[in-house]
Every structure is written in structure tokens, then in C-alpha cells.
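Next come two complexes built around chain A: one with chain B, the other with chain C.
Our next item is the complex of A and B:
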């Protein structure tokens, strides 16, 4: 076969697959269309994979009997945790899928880039993964965040470090992103005001793969009580293991405690091994929570996916269930869904409860759960909130 | 050969020469640019069109230094970023009008290219690639870490589009309208294409080709290779900088990650997939590389696999890129036409 023919046949095959996949499904009435902007490719793709599981479970449950005569449908778009792909994905969803409501993105840079587009399109966006304060301050009337922002998390974790762990010295490690810098700054401000001392603040790009030099530098700083760390899972694992090898953290025979926020998924401990011993971090979801809502969610998740749910599964599930609650309260199009979202008060979710303030930020601190990794790599919920 | 077939040949040749005429091609390109936003009416597709126009500039700019002067420059992302940041900071921090900032951003990127060329002209092949890659890494780190100037990873948000322009006998043209923004970027891409094309058809093109083929022989003909390579670097960088000036107001957000070194490889892919050493090839390569992942969005998770497979297929079976494929198709069509005529 000539090169020309191979090339031509390959082209025809690819076009065929695209054409088949692009064939629109038949539309139905009384459907709430949800557009999901998720990082399905790139370093944040673990967010997207786990979010999808939570969304699919929530759809199964919400669509079983419907809500007020409505069922729910989700269209996913890969927004890749970055501004340009996120804006392209958002425009595609808005123009071609015409959603009633959007959920996502996980990364703050991407969410911030998408916000002007959804404001112009007047479609509400529910966010559960971006911690940058700028998402809701100043924010816009169409963006709602159900997770605690960087200030809520940073103030809380710094206060707990100082008061509960008696930490007096800290080294800050963070990726050089909006969320990384924002979280680190809030921790530093609060910790310093309380009387603690930040020995150094180390930022790095997402392209850094070897943290040996940074860990060695920290090892040479003497007594370090806590190391708040703000990175995605891939770099988080490498940092934790480098800190163990340098003998800085408990897993490596040191005394420093690594602190983290909601960026790391469950299962991090198993991947990090002994390096994770003593790691204390905020999670959005506490699987030991005894509320029936949480027990039912865990049971249903295990039945569907044969695995324990993570906080990412839980917050994605909560996003869909919040939309279902809004529809139950009369939301049926973008404007009414936005208005009902703004009125949300004490709606229970698996991660905690939801009540928005005037900037559309969830003010409930019961979404902040602390967990500590034990020597056998299990973890315990610290019940600090 | 009979009189009739001579006549048919003449008619075919005269039709062929019109199609091959440069004026006809520019008119055709202008007509296509004019029609595209009328065909693609959603903001999503118009966004993709704008991105295509920006990427065409990046690709033909790189092709000028790589395909014609033979210099493997992997620092194009840096010049793209310098143009984007320089123009945005001039507008947001100093209040300079957009069009002046555009001119200055372009000049600054060109000057950065000239600066790199001071070292780069002494290097060839892999060494030049590594040096230019190093320049891209340094520039990225400066954009990321000079937070007091660039905002670094905190990013610059809510960057306004270029201000409306008023042309004689026409209403004001606002660039908040994506169709107008496309006309602006695509017109600029066409002008850049025209200028590079003119240069390459002048003795400059022959000079660059001589340097590309054999620098020592070129020197024996009296060609000052370092000077012309520096010129090619500066011109190529200025084009990338001009593209960058439109990136920021287009996306509305500026973060250093947009100019990470991988962007250089994406631009290189556009040139190779299109067909290095032809201006039109990289222009089509840019359109192909920009649109393919978007067209494939409808197939969901398999999108990136198919995207990678498609690009690999092109490189594997058509090393000369889209232009080689086109020449092959044209040959076949010509062959079939000849066959049916006889």
C-alpha cells in the first residue's frame, strides 16, 4: 500500500470516528443541562477522573425519580487546569450545549479565566475546588463556591498549628500559582500574628521534579515545627518523600509535621508510604462522619465503584446534589437557578453544609475536616471543627 | 498534437496561471478571512478562528528563521511571552494606548531576538537548539518570579480588548466583538505573511537559503552570515512578539504558564506538520494543530490519543507535512486529468 493510501485511509477513519461521536443525542424536555468544566488532561487530571465518579453517582440517584419533574444531564469538557483551554471549553459548552448551570473548574487560574465568560453568558457556575480568594472576592453574581476559600482554610490551619500543635516555626512550600501563593500568604500572616515565625517561604513551578535540594535546605534550618505544603498530588508525593529522606518529617525520624489543604486526594498516604506518617491535612470530606447522608453516600459509592470515596468524589457529588436541591426549590433555568442558589441556607451535603454569603462564598466551616496519617498509614479524623 | 488539444492546453495553462498568481491567492485569502466569521457564528468557533490567526503568525515567524535561514530556534515561546507581557504592562501600568504598546511590544520582542542572536549566531544545530531553549526557560522564570512587575503566577486578569478604531466613512469598530477581533488578527497575520513572502522573494530569501545550505560557501560569496542570521532571528522574534500582543487582550488573562517552553514545541510542531521551508505550509500547520484538538472534543476522553495519532501519522507518512500531502494530491489529480484527456 502506498504512503498516500495509508494516509488517506487513516484520515477517512479518523473523520468517521469524529462524525459518529459528534452525532447529537436526541433532546428531551424537562432536563436540567449541566456543563462540567473538569481537568481531564494534564497534571490535574486526577481531579477530573474522581469528579466524574462523584457526578455519575449523583446523576444515578437524582435521575432515579427525578426532581420536581426534572432530570439531569451532564456534558463534560476538558478544561485542563489552565486559562486558555478553560475559556475554550467554557465557550464550547455555552455555545453548543447551552447548559442551565455549570460546575468546575478545580484550578483557580482556570476558574478565574472562565468567570467573565459565564458572567457575560449569565449562566451560574458552582465551584468546589478553587481556593483563590479572588473567585469570590470580588467574584461576580454568577459564581458560587461551596468549598472554604484560601483565607478560611489558611487562617484555620495556622491557628490550629499554633494552638493545638504548639508549632512556633514553619517553612512554607508552595507551587507558584494563584492558589499556592495565596494559601501560603494567608498561613504566614496568621501564624506570624499569633507569634509564630516563618523561617522561609519556598515557591516552585509545576515543572520542578526533584525536591532533594529543597529538602536538604530545610534539614539545615534546625528546628522546624510545621511545613505547610500547597501542591498537586504528583509534586506533593515527591516533596514528602524528599523530606523523609532528608530526615525532616516524622516518617524519616525528624519532628516536623507536614500540613496540607484539600489539594491531595485520599490514597495519598498509600502512595507516599512512610513519608506520610504524621501528615496533617484538611480534607473536604470525612468518611467517619456518622450522618446518614454520608453513610448512604459511602455505601452507594462502594457499590458502584468498588472503592472508598475521596473528598473529590464527595465534592463533585455535592455539586450535583446542590443543583438538585435548587431545582426542588424552583430553579429551572439559568436565572432562577442563580437566584435560588443565592438563597441557599443550611443545605446538607456529604462534605458539610452550604450557605452562601453576599459574595456567594459558602460560609460553613463544617466543610473543613482535619485528618492525620498514622504509622500504619491509616488515618484518623481529628475532629477539630 | 492537434490544434484542439493545443487550445485546451492554453486554456488550462491560462486558468492555471491565474490560480497560481500571488495576487489571486492573496485575494482568495482575504475573501476567506472575510467569510469565516459569517460561517462560524458562535463565540466558541470565533475564538478558535482568532487562535488560528495568532498561531499562524507564530508558525510563519518560526518558519522564517528555521525553514529559510536553517536556524533551529526553540525560544519562540519566550518572544511570544515578551510581546504579550510588554504590551499588557505598558497598557495597564503606564496607560500607554494599545496600538503604541503593540508597536513597542513587537519591537521589544524583536530586540530580545537580536540579543539572543549575539550568542546564537556562533552556534549551530543542536547547540543552537539548547541555547535557545535555555533562553526560553530563563524568560519563563523571569515572567514567573519577577512578581512585582509581572504579577508572576498570580496572573493579570481582566485585560481589556484593543480600543475601538474609527475608519473614514465607517462606524467605529469595537473589538469586544469576536468577529472584529478575528478580522484584526487575521488581517495582521496576512500582512505579516505578505511582508515575509516579499522578503523571501527578494535577494534576502536567496541569502538566507545560501546560509541554510552551506554557511562556508555563503561566506565565500561575500555573505555576512552572522549579520543575516541575526536579522532572521530579530524578524522572527518580532513576529512572535506581535502575536503575543494580541494573545493577552484575546484571552483576557495572562499567566506565565501560557509561555512555558512546551509552547515552543507546539509552534515547532505547527511548522513541521505544515511543511518547513514553505510559508503557506506552516500557516496550514498552525490551523491544523489549533483546530484538531477542538474538533476532536466531541469524542471525549479519546481526544488526545487521536490528536497524537494524527500528528504522528502526518510526520510518519508525510515528512514534508501538509504541503507534501497537497503536492501528492495535486499530482494525482493532474495525472487523472491527463489520463481522462488522453
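Our next item is the complex of A and C:
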């Protein structure tokens, strides 16, 4: 080989390396980079653990053949269900990983905290866990929510409590967070307008462990028909057991029915035991749904994890699949992914369908499913929507 | 209304007893070493998981679970003191062991997170849902057990500190380590004993708290802040003061929940703490810090 050839080949090689290094967008690598802000530590970490499973399954499926020539990769950051770690995690992801799209957080306070950061960075965020109305109202052009917000859930559950359960009195239990307070307020407004009476509104911090004193207070209030409860799983479990011990709810021989929203995962009944009997709650995923999409998801999830999927698994799966759908429709970088997300109409997911309004809120109510815990701790879908 | 007040009184005694158990270990270590142990919370958590594993995986009774938690706590206390705190103390720095307790705490939390996962465990004992009712009052057998075991532990610890040679030696080390050494007391061995007793108490309180707490690798952290408050209100190192302060905080929690709002509990507890620091900085009982322990 002559010196000239060596020089020429070297030049070509160096030019190639320089060209590759200079390519600014990951789209040129045919990879869509997804940043996941998940609570991996702290009291909300059960969200992160289950979200990861759903994400991994979706990645397996989406990357098998790719979508429009693109594959997907996810970088996880622990956002801890709290504003400060969430903002730090978002900054780390944006500065170092440079994602095309973000998913997360679960807790409203954390999501609200990262929204200004993603807006400034102009990277779309898909949320499937935060119910606070503030996420989309006023929201920002870069944040999309595929789950029903606190108003959609709260109005619906209060109306059903009044009309279907004939409830006339309620005690509200909620953690003192944006989502907890917001959900309780929406229920109270709707229930009161319908003619019901809210006997008291009890808020508490996430550090409260023993709910016997709260249950005692409720037991002393006389007839309580429903107890809407807005907490994470751990506290929810203790509240339900304390209400049973105090003889307030059906599981403890009382008449009150606890009502819950999508904060609790499946398996809650088995952990709570008889205390959960009669508990009615919204879930966003109905495993008895006969749509092929849902059946295939359940089958694939069982094959991969040897367990039944929860709504948290399904939520996370749907977020990745929605991104895949957006890429199929031409999304390839943050701006085009945002634009295609905004155009989303009637995209089917395992938790329901997705269609965003002008505030980027999913307007489809087929994502709201009700279930009731039976005496044998199994549950039935109430088919209220 | 009388039955509600009585019921909240019972609730206060139950939660107060648990706080006392957790705080006693903290106050013991502070009294002897003048050191705050931030890893105490994680020994509580470890105790809870030790009891959980004993009952749920090995099928043993809850009482055996409590004993296992006590032993696990004591063993961890011995290990951590022997391998980390003691060598650092020998370097003569007060700051290093304090920082090390934070490091041990973070390490234990993350080790438990890696091993046990983040999803809350449902730690029910055969007594958790066995409810005794009398008139308008109710008490689970679990809560009755908490009161009995806590009371017995408090009495035993009090008797040990007041009436045994080792207890008196511990108090001597707490008051003046050098003079105690001149009298032939091996302060290193007694410091180790303090860690073992305090950690055993933490482990046992974890076993009792497990069915009450939201059981995750971070469970102990949720009670430790109140335990610190109790130690300060009761007087750093003062056992009697810690008992009174623990029960007081238990009552504050119950009655604030009943008559005010549970969201105000921390405000009331920490207002009491600030008041104590301002008016009686040596705690509820002692006039001087040296009188504690």
C-alpha cells in the first residue's frame, strides 16, 4: 500500500468519524431517545417498579421490527415523586441524555415542577399518572396527559356515588398534595351540588403511619355513606385497615363504602384483606376487557414477567406505544413528536383510547373503569362507563 | 363524646408506646456517647423486615418474629459499631462518627431497596385484625401486644440502668468517661453494649411497628423525626423524660386528629419542641444535662 493510499483511506475514515460525531439528532441514528422520569425510590417507588415493567415490554415489541425505520431506547431517572428530585432528574436527562421525548412523572407535584423545564427545553412530556388539573389547565404546549384528570375522575365518581350508590353523606380523606387536595375538592363540589353533604375533609402528610385516630374520628361522626380516599398504596392500605378496625366500612361490619381513584394498584385487596370488602375504585385498566389489544398485552406480560399486569404496567406500556404511533405518523424529533402528539385522535391503548383536546388532555372517558371488591377479595368490573 | 376521648386516649398510648421504644435507643446512645445516630431509623426498618421474614417466609409465630428482630437489631448494632463507628471514634473526631451514621443510613436503605424492592409489604400478624370491642371502644390484639411489650421493655431497661452494675457503669461513662476509666470501667466495652441494647430496642420496635407502618425500605425514616423530637423534649439521654415525651406526642397525635386536623400534628409537636428548647433546654425532667441517663 502506498503512502498516498494510506493517507487517502485515513482521510476518509477521519471524515466519516467527524461526520458521525457532528450529527446533532439521534433521529439520524434511527433511534428515538425516551427519557423516563419515574419514582424509583421513596413511598411512590412502587409506581416506578411497575412502570418499568410496562416500558420494557413495550420496548421489546416496538423494537422487534422497529417503527418507520426507528427503534426506541429509554433512559431512566429517579424523580422520587417529589418536586426537587424530579426537577434535578429532568435537568440531568435533558442536559446529558438529550431525549426526543419524556414520559412521567407519576405524582402531580413532581410533574408540575418539571413542566417549566421541559417547556423551556422544548421537549414533549407524556404523563399518565398525575391527576392534578393544573397539569393541563393551564398546562403548557409540551405536556400531554393520557389519563383522566382530577375533574374527570372526581365529577364522575361523585355523580356515581350520589346516583348509583344513593350516598348522601361523605367524609373525604386525602394526602396533602396537589393531587390529593384537588381530587377531594372536585368530589366535594360535585357531591354538594348534587345534594350530598360532606361531613368533614381530613388531610394528612405522607409521614402519617397510624390511622387509628382518624378512623376513630370518622366512627364518631355517625352515618357516613362514602369515604373517598386519595393516597398512595401504603397509606391507603393502613387507612382501609383502620376503618375496618373502627367498624366504619363494610369489611368491619359498618355501612360506609370507601371510594378510590387510580392511585392504588391491583393486589391492594389481597394486602388489605377483609378490610377491602366493598371498596369501589376507579382503575384505568380492566383485565377483563376483551379487545384483542388488551388480551395480547396480558398474554405478553404474563409470558415476560410471570405475573398479571396492573394498571401501572398498562399505563407505561401505553405511553411507549403512543410514542411509537407518533413516530409512525412522522414524529422524529422533539418538535415533530409534539406536533404529532397534538394531532392524536382515537389511538387505542390497553387502558382506553387517546384523543387530546386543545389543552393536551386526553378527553376519552373509556379510560375510566370501576371495580368493586367482593367478600372473597376478588373484584368485579361495575361497567359504569 | 366520652367514649371518643377514651378511644383517642388508647390510640395515643399505643402510638406513644411505639415512639418511646424507638426513641429510647436514640436517647441511650446520645446519653452515653453524646452522638446522634441517624442509622437508628434503618435498624427499625431492618427489625420490621426481620420479623416479617420470620413470620411470612419461615412460618414462625409473631413472638418468634419479635425475638428475631431484637437479635437482628442487636447484631447489626454490634457490627456497625465494631467496623465503622468505633474506629472513627478512636481517631478522636466527634464529627466523623456523626457523618458515618448518615452514610450507614443511606447504605442500609439502598441495600434493603435493592434486596426487598420498593413495593409496600402488607405485614399483618394474626393479631392485626383481631379487634376487641367494649362499649364504644375498640383495641386490636396487636395494639394490646404493643402496649404490653413496650411497657415490659421500658421497665426492664429502667431496672437495668438503675439497679444493675452494668447499668450504673453505663451511667458513669455517660457522666464522665475519663473518671469512669480511672475506676476500672472499660468504656469501649460499655459503648459497644450501649449500641447493642439501643439497636436491639430499635429492632424490636421495628417488629412492633411493622404491622402499623407502611412497610417499605424507608419505613423507619417516617418515625425517626418524631423520635428525635421526643428525645429533645424528654431531655437528651433522659429515659424517664423520653417515656413521658413519647406518650405526650402520642396523645398530641390522637387529640390533634380528633379536635383539630391531622395535618397540624407536626406543627403542634414541633411547637412543643421549640417551647421545650426555649424554656427548658435540658428536657422535661433533668435540670442539668449530666443528670440525664
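By definition in this document, the second predicted complex is superposed on the first by the 357 of 385 C-alpha atoms of A that agree within 3 Å, B and C clash if a C-alpha of one lies under 4 Å from a C-alpha of the other, contacts with A are read in each partner's own complex, and residues count from 1 in each chain.
The definition used in the following text is that a residue touches a chain if its C-beta (ideal position, glycine included) is under 8 Å from a C-beta of that chain, and two chains touch if they have at least 3 such contacts.
Since the model is a prediction, treat every value here as computed from it, not as a measurement.
J.: Answer with first, second, both or neither: which of chain B and chain C does A:149 touch in the superposed model?
T.: A:149: touches no partner chain.
J.: Return first, second, both or neither, reflecting whether A:83 touches chain B, chain C, both chains, or no partner chain.
T.: first
J.: May I ask you to decide whether A:216 touches chain B, chain C, both, or neither, giving the answer as first, second, both or neither?
T.: Only chain C; A:216 stays clear of chain B.
J.: Check whether A:237 is in contact with chain B, with chain C, with both or with neither, and answer first, second, both or neither.
T.: A:237: touches chain C, not chain B.
J.: Name the contact category of A:202: first (chain B only), second (chain C only), both, or neither.
T.: second
J.: Considering only touches as defined above, state whether A:359 meets chain B (first), chain C (second), both or neither.
T.: Neither partner.
J.: Now for A:247: first (chain B), second (chain C), both, or neither, which partner does it touch?
T.: second
J.: A:40 in the overlay: touching chain B, chain C, both, or neither? Say first, second, both or neither.
T.: In the superposed model, A:40 contacts both chain B and chain C.
J.: State whether A:190 touches chain B only (first), chain C only (second), both chains, or neither.
T.: Neither partner.
J.: Overlap of the chain B and chain C footprints on chain A, residue-wise?
T.: 40-41, 176, 203, 205, 207
J.: Could you please specify the touching residues of chain A with respect to chain C in the complex?
T.: Listed in rising order, the residues are 40-43, 45-46, 48-50, 176, 202-205, 207-210, 212-214, 216-217, 220, 233-235, 237-238, 241, 244-247, 252, 270-275.
J.: What residues of chain B sit close enough to touch chain A in their complex?
T.: Checking each residue of chain B against chain A gives 42-45, 47-48, 51, 141, 144-145, 152-155, 157-158, 251-253, 255, 257-258, 260, 294-304, 306, 309-310, 313-314, 317-318, 325, 328, 332.
J.: Which of the residues in chain C end up touching chain A in this complex?
T.: 1, 4, 7-8, 11-12, 14-15, 113, 117-120, 122, 124, 128-129, 131, 133, 138, 140, 143, 209, 212-216, 218, 222-223, 225, 253-254, 257-258, 261-263, 265-266
J.: Help me check something: in the complex, which residues belonging to chain A touch chain B?
T.: Chain A residues touching chain B: 3-4, 6-7, 10, 14, 17-18, 21-22, 40-41, 76-78, 82-84, 87-89, 91-92, 94-96, 109, 112-113, 116, 134, 175-178, 180-182, 203, 205-207.
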